[in-house]
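Note that subunit A is present in both complexes that follow, paired respectively with subunit B and with subunit C.
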Partner chain A sequence: MIDVVAVGLICIGIGFFAAGSIGLLRLPDLHSRLHALTKADNLGLGLVALGIALVTGSLVIALKLILIWLLVLAASAASANLIARHALDRREQP
Partner chain B sequence: MNPLLWMLLDLLLAAMLLGLGWAAVATRDLKRGLALFIAFGLLLALAWARLRAPDLALAEAAIGAGIAGALLLAALRSEPQDGQPAAAPSRVFLLTLNLFSVLLAVAIAWALLSALAMGDGVRLAQAVTEHLSQSGVSNPVTAVLLNFRAYDTLLELAVILSAVLGVLALGPARPGYRLPGPVLYGLIRWLVPLLIVTGGYLLWVGAHAPGGAFQAGATLAAAAVLLRLGGVDAAGLPAAVVSRWLLAAGLLAFLAVGLLVTAFGYGFVQYPPDLAAGLILVIESAATLSIAVALALAYIGGWPSRRAQSGSLHTHTTEGGTH
Partner chain C sequence: MSAHNATVLSLAGLAGLWWLLSGGAPSSWLIGVPVVVMAIFAARRLGATALPGLSLPGLARLLPLFLWESVRGGVDVARRVLATPMRIAPGFATYPLRLHHPGARLLFANSVSLLPGTLAVDLRDDCLAIHALDRDSDFTAELRRVESAVGRVFGEAL
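Let's turn to the complex of A and B:
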């Protein structure tokens, strides 16, 4: 039963990753691409991490996975902010 | 998991590595090539993990992709013709390069084939496992690096030291970075302490699990890179006098321990088995600090200027009015 839930979570997570990647390739401008990439991938990674944590069934590994997810969340939020700000600065001062 | 699925995954990984490597070399846009190189390093770390070499995977991710990527990005930043594609190399240069690449590929293929053809003889791994109990540590990789083949590591530390002396001889540091916005500032404030703790953990855990001085040093250097990107020009390094000693500490501690044991009738860097664990920890701690300082100095590109004592991230950011 837990395995089914885990596989479901991982599959949904992969779906978010795919959506984020398609958004990165297809969306017209930098800001919407950033939006697609950082938001969808963060959720995707969270779901995949949750699924893997359920499969391993170990609390320590689950905590490590959550820590990894939080670090990626912080890093991707900050880098998205940096890239978006840099692009805005460039547009304002050509 | 199904072995066929694993094989598919490995083939995909190998194909992506080849593709990324080719793309990184083939592009004329240096920035793009660099981004591809960093991605290549991360995938290579995955490949090492698949080959069950987690120590190498950690080192590749931390040094090969992380610190080397940061060094190359810093070098690209000080490149005068920013944004222009690299000039096309001459034909002779390309031909020589190709010749050497082919020779290297043949040599590696020959080494691989002869290793595969060797059969079940006495392998080095077997010798390591047999003598592991005398090494003072239970992680075979650390046993090889710091005990059985300590000479190699000693010389590696000397190579790193001389490389950084070369960097320092090249002139003043690169200009620093401007003050960070609130988001980057917040990230740095959270990440730097976490990186320092992780570095200490990697150093300690190296005795019985994947980790060790190189990974720990690279992690500490990553904290220095972050601080530098956050506008702290000195990147958290102590005063120049202290940094100089830290830079040499790894090699000095290694040599001191190596020579000290000879006074008790052992060979150079041949540790007495009951003291090995402590001696290895001393050497690894010193080496971690040396590697961290060396990588940080290489990233800065020289001794950091200490104008107006800008050592603290906090005063810096309050000056910038972002906090």
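Let's turn to the complex of A and C:
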């Protein structure tokens, strides 16, 4: 039963990764693309990590996966902000 | 939070982090203990202990809100880019900040990027420049709600 839930979570997570990549290709400008990368990919990673954590059977590995997710969350929010700010600065002073 | 309590708390937090990373092998503490001590020393030299009393009840209220909003953010952006034609009207907006503490502002700015339809671009002169995926949507109410929750963690009543 837990396996079914885990596979379900991982599949939905992969779906969000795919949506993030489709957004990256379809969206018209840099700032819009950052939306797809930060939000969809973070949710995808969270769901995949949660799915794997359910089936590891090890508390340490489950906690480690959550830690990885939190660190990636912080890193992607920070790097999206840096890219967005830099792109805006360059646009303001050509 | 006194300086003493802050040190004890970061000691416990870093030791827990090391335990998690090393998988709890006893011999790993040979490296872990010096690293934890050096990390606390480095953090103090960099002025990172200048945090106000973080409110744990405030944090307990922010976390579920943050998780729920980031799930909504992911679903929202996925639906927008998968629709034909894409339902977007990108544009910039300015959000006047009510938060004062630099740490609170940083936490809020980073949270904004995970909320539905908004991306933090720049923090300047008490204002947060944001990029909205749909500039006609009403994101201000949502930002104010998250800002208040962040304020409670840092003991700022908004």
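The rule is simple: the second predicted complex is superposed on the first by the 94 of 94 C-alpha atoms of A that agree within 3 Å, B and C clash if a C-alpha of one lies under 4 Å from a C-alpha of the other, contacts with A are read in each partner's own complex, and residues count from 1 in each chain.
We adopt the following convention: a contact is a pair of C-beta atoms (placed from the backbone, for glycine too) under 8 Å apart; a residue touches a chain by one contact, two chains touch by 3 or more.
Everything numeric in this text was worked out from a predicted model, so none of it was measured.
By the touch criterion defined above, A:L88 lies against subunit C but remains apart from subunit B after alignment on the C-alpha atoms of chain A. Of the two partners subunit B and subunit C, more subunit A residues are in touch with C. Looking at the shared chain after the overlay, A:A77 reaches both subunit B and subunit C. By the touch criterion defined above, A:V7 lies against neither subunit B nor subunit C after alignment on the C-alpha atoms of chain A. Residue contacts after overlaying the shared chain place A:I68 against neither subunit B nor subunit C. Contacts of A:T38 after superposition: subunit C is touched, whereas subunit B is not reached. When the two complexes are superposed on chain A, the residues of subunit A that touch both subunit B and subunit C are 74, 77-78, 81, 85.
Here subunit A touches subunit B in the complex through residues 71, 74-75, 77-78, 81-82, 85, going by the rule given at the top. In the complex of the two chains, the subunit A residues touching subunit C come out as 15-16, 19-20, 22-23, 26-29, 31-32, 34-36, 38-40, 42-44, 46, 60, 63-64, 67, 73-74, 77-78, 80-81, 84-85, 88.
Chain contact summary for the complex, subunit C toward subunit A: residues 17, 20-21, 23-24, 70-71, 73-78, 80-82, 86, 88, 90, 92, 109-111, 113-114, 116-117, 119-122, 129, 131, 133. Taken together, the subunit B residues at the contact with subunit A in this complex read 181, 183-184, 186-187, 190-191, 194.
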